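Two complexes, one shared chain (subunit A), two partners (subunit B, subunit C).
On to the complex of A and B.
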């Protein structure tokens, strides 16, 4: 009984990790850019929502809705002004610039909001749960997982059913030829990062409602997201969800054995997959 | 005419000769310094020298080997913990345990490389970070050295340290100050060996192979350079040096905890910015970078983490507008190289006059 419960909790936790990972996966898929500040941008998103909650007295769900255009703009400007300049053959500049960004965001939040833990409080839904007979699950984790599925379906639809998605795929495959067809890679990339930041905002909202957060927790979120992407296989969004679930289950099972092993178990699961399936479980892209 | 011509390959430049003499004077002054300098200056210099060593090894990895690691804290922490473990569990002299710490880091680097070499580019970077996290979380389970809350070097171990009594007699200082001086001297030796060793490596045939792999892997492979072997060489060398530096840093601190010893900010982020700001891919760059970092940290000492934010922002600006760093800017303008590794082909006629010089990367 306890094991089924542990497994279910792990799967639902995986939904949150898939949300962390989807933005990272999207940006990498389109412009081969790994954003080392991704985790810190999620934490930044949580603070933006927190500021809106306390300034306007809104529920976190509504506050996240207000935060969406703000975060989209931050992403768009970041790509236009900074990241577009460092894209290219050499992987060093984007890595170092996003690493610098990570340090800057972390310490700016530290100066502005101190190292105190913060929390987003959604009200009674926070402690609500559903009795499914075999197990009882919290409404919030269930909602998180459902959101991850919706985000992945929406991103897949965007990719394969819209003109913008076509532009994304074309630029990803061959930026030069895409340019001949009238696509501006700089704008496409800015759009992609903006959309990634929308996913980041959704992830930030659930992060803030699930547990306490402070300015230093970003890098750990980046690592979970990265592990989910690699386990799933580069370029596959559904694979990313599976990767998130594997990390989530490994963590809850590890925690059930010894509370101190929770995070370690997730990392070990990742290393095991890397040892036996270096290209992930569902490899698709050739990179 | 052609048979009268001789060829020579040279790396030396006049500036380098002057730099060599200046470096020798500098080393002598650094060694003699504890006789006049205050304890706080010695501590500051210790910090600068150890950060310089970390920066040189990261530069070797990323600047010459093309391996952008953000997980070097794994080797700092593991080396430091190996030294603590050897001193606490086996009663080994901590000074003698320092080389052992390098070996421990080297042994950790072998399985690490097995995993992370499967990842390319940016994913390699995060992969090294994951490994560092795994090592941190595992070491936090090691109860004998204090688990998650850490431990201190036992008083008797510190008191009997090799050379401590000698330093105490020599300068007539108390044990704590003598430990700083001893650690400082070891840091000077380590920095000299590191810079000298890396300079030597880059001027050998292997160094040329390394540069060719960095510049163009495919072209290097077609000329018979074993790219994977060069990666291993660089990764293991850096791990060893980083582990030794980690052990030395924590010998001076005397107290260790997993969160501090495996800190990504202290041992990797700052180190990366030092290299990038100074100039990646040069030996001079990290030297300039570490001085700028220290100046920033001192000026903003009273303002919390502002210096880190500024360091990060400065790093971003440098990467965007002067990717070869401050030393790169200076070197481009003046043509001066203090540690030249560029091979120049000098063609001389029968009368010994130089016909032409050719730069040959």
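On to the complex of A and C.
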């Protein structure tokens, strides 16, 4: 019984990691940009929601709704003004720029909000649980996982059912020919980063409601996100969800054996998958 | 009426100059062919017209507007649409999606749509759900031409559409050309296959080492003149 509970809690935790990773996967899948500031952008999103909660007295769920267009705009402007300038054949400039961005975000948040831990308080739902007979699950972890599935389904619909999604895939395949079809890669990339920031905001909301956060925790979230993306296969959205679940289950199983092994077990699972499937579990056929 | 002209078109790849002042004229409804040996500058000319390579604004004039400096996406939006060399289909898109991406940057209603394109190339309707790159070379070329037609181009720029295809397939591809012209599109064809170019074009430009060495109507050009313009030596 304990192992079923461990497994279920791991799967639900995987939903949070999948949310961390989905935005990263989206951006990498379209423009091959490895965004080292992704974790810090999640933390920035949590602070934006916190500011809205404090200023307007809203519940974090409603505050996140208000934060969505703000974060979309931040992502759009960031891509147009900064990241588009460094994208090209050489992958080093975007790595350096996003690393620098990570440092800037961390220090700016530290300057504005100090290193004190913060938390988003959603109310009674925070500790609510559902008794499913075999196991009891928290409502928040369940909501997180459901949100991850909804986000992945929505992104898949966007990718495979809309003109914008076709433009995303075409630009990812061949940006020069895409331009000959009237697609402007700079605009497409800006839209992609804006949409990734919407996912980041959802991830930030759950991060802030489920744990304390401070300006320095971004890089650790980035590592979880990276691991989920790489386990799933670069650019595969469903693979990202599976990757998140594998890390989540590995962590809860590790913790069940020995609490000190929780984080380590997630990283070990990542290394095992990497050793046997270097391209991830669901690599894209044309990568 | 002149729809498109280039004046003093030049192009460089680093220190290497590929074009030395190429002048072309395309009349409304006309089909011109650019022929020449490998490295003559044919593809570079099309890449310059389509905006892949930038130029001085006045180097390319379309419908009275100087467009030489515009990016490729903006030029496509004005109706100059390219069928690139080697097809360059999008591998992650199906046949149908490759066709529909042709309308992304130019949503103009006209003769061409999914139904008329697949009536021109019926095999594409049968294979509409297949990944575009799973098709044969000839079928892929049909997708590439269909993708460009979906935007209802005013000028269709075809770069080596016979390259690497069997003669029977080339014949099928070129059999579509009259209908494309009847739909109102003017056409610029870049070809190494001289006989094919002479069959479909109203006028021919021959390039050698980045310069126009011969121009005229196919009926006016004799074999020796073309040979001399093509290779720089008489037959």
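In the analysis below, the second predicted complex is superposed on the first by the 284 of 287 C-alpha atoms of A that agree within 3 Å, B and C clash if a C-alpha of one lies under 4 Å from a C-alpha of the other, contacts with A are read in each partner's own complex, and residues count from 1 in each chain.
Everything that follows uses one rule, which is that a contact is a pair of C-beta atoms (placed from the backbone, for glycine too) under 8 Å apart; a residue touches a chain by one contact, two chains touch by 3 or more.
Keep in mind the model is a prediction, meaning the values are calculated, not measured.
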item: Which of subunit B and subunit C A:124 touches, first, second, both or neither; value: neither
item: First, second, both or neither for A:179, with subunit B first and subunit C second; value: second
item: Which of subunit B and subunit C A:57 touches, first, second, both or neither; value: neither
item: Subunit B versus subunit C as contact partner of A:167, first or second or both or neither; value: second
item: Partner chain in contact with A:268 - subunit B first, subunit C second, else both or neither; value: first
item: Touch count on subunit A, higher of subunit B and subunit C; value: B
item: Subunit C contact footprint on subunit A (complex, rising order); value: 163, 166-167, 169-170, 172-174, 176-184, 284-286
item: Touching residues (chain side subunit C, partner subunit A) in the complex; value: 50-52, 71-73, 76-77, 81-82, 84, 88, 90-93, 97, 100-102, 104-106, 133, 147, 151
item: Complex contacts: residues of subunit A adjacent to subunit B; value: 33-34, 36, 82, 85-86, 91-97, 99-104, 107-108, 110-111, 219-220, 222-223, 226-227, 230, 260, 263-264, 267-268, 270-271, 274-275, 278, 287
item: Complex interface listing, subunit B residues touching subunit A; value: 62, 68, 70, 114-115, 118-123, 125-127, 129-131, 133-134, 137-138, 140-141, 148, 264-265, 269, 272-273, 276, 280, 304-306, 308-309, 311-313, 315-316, 319-320, 323
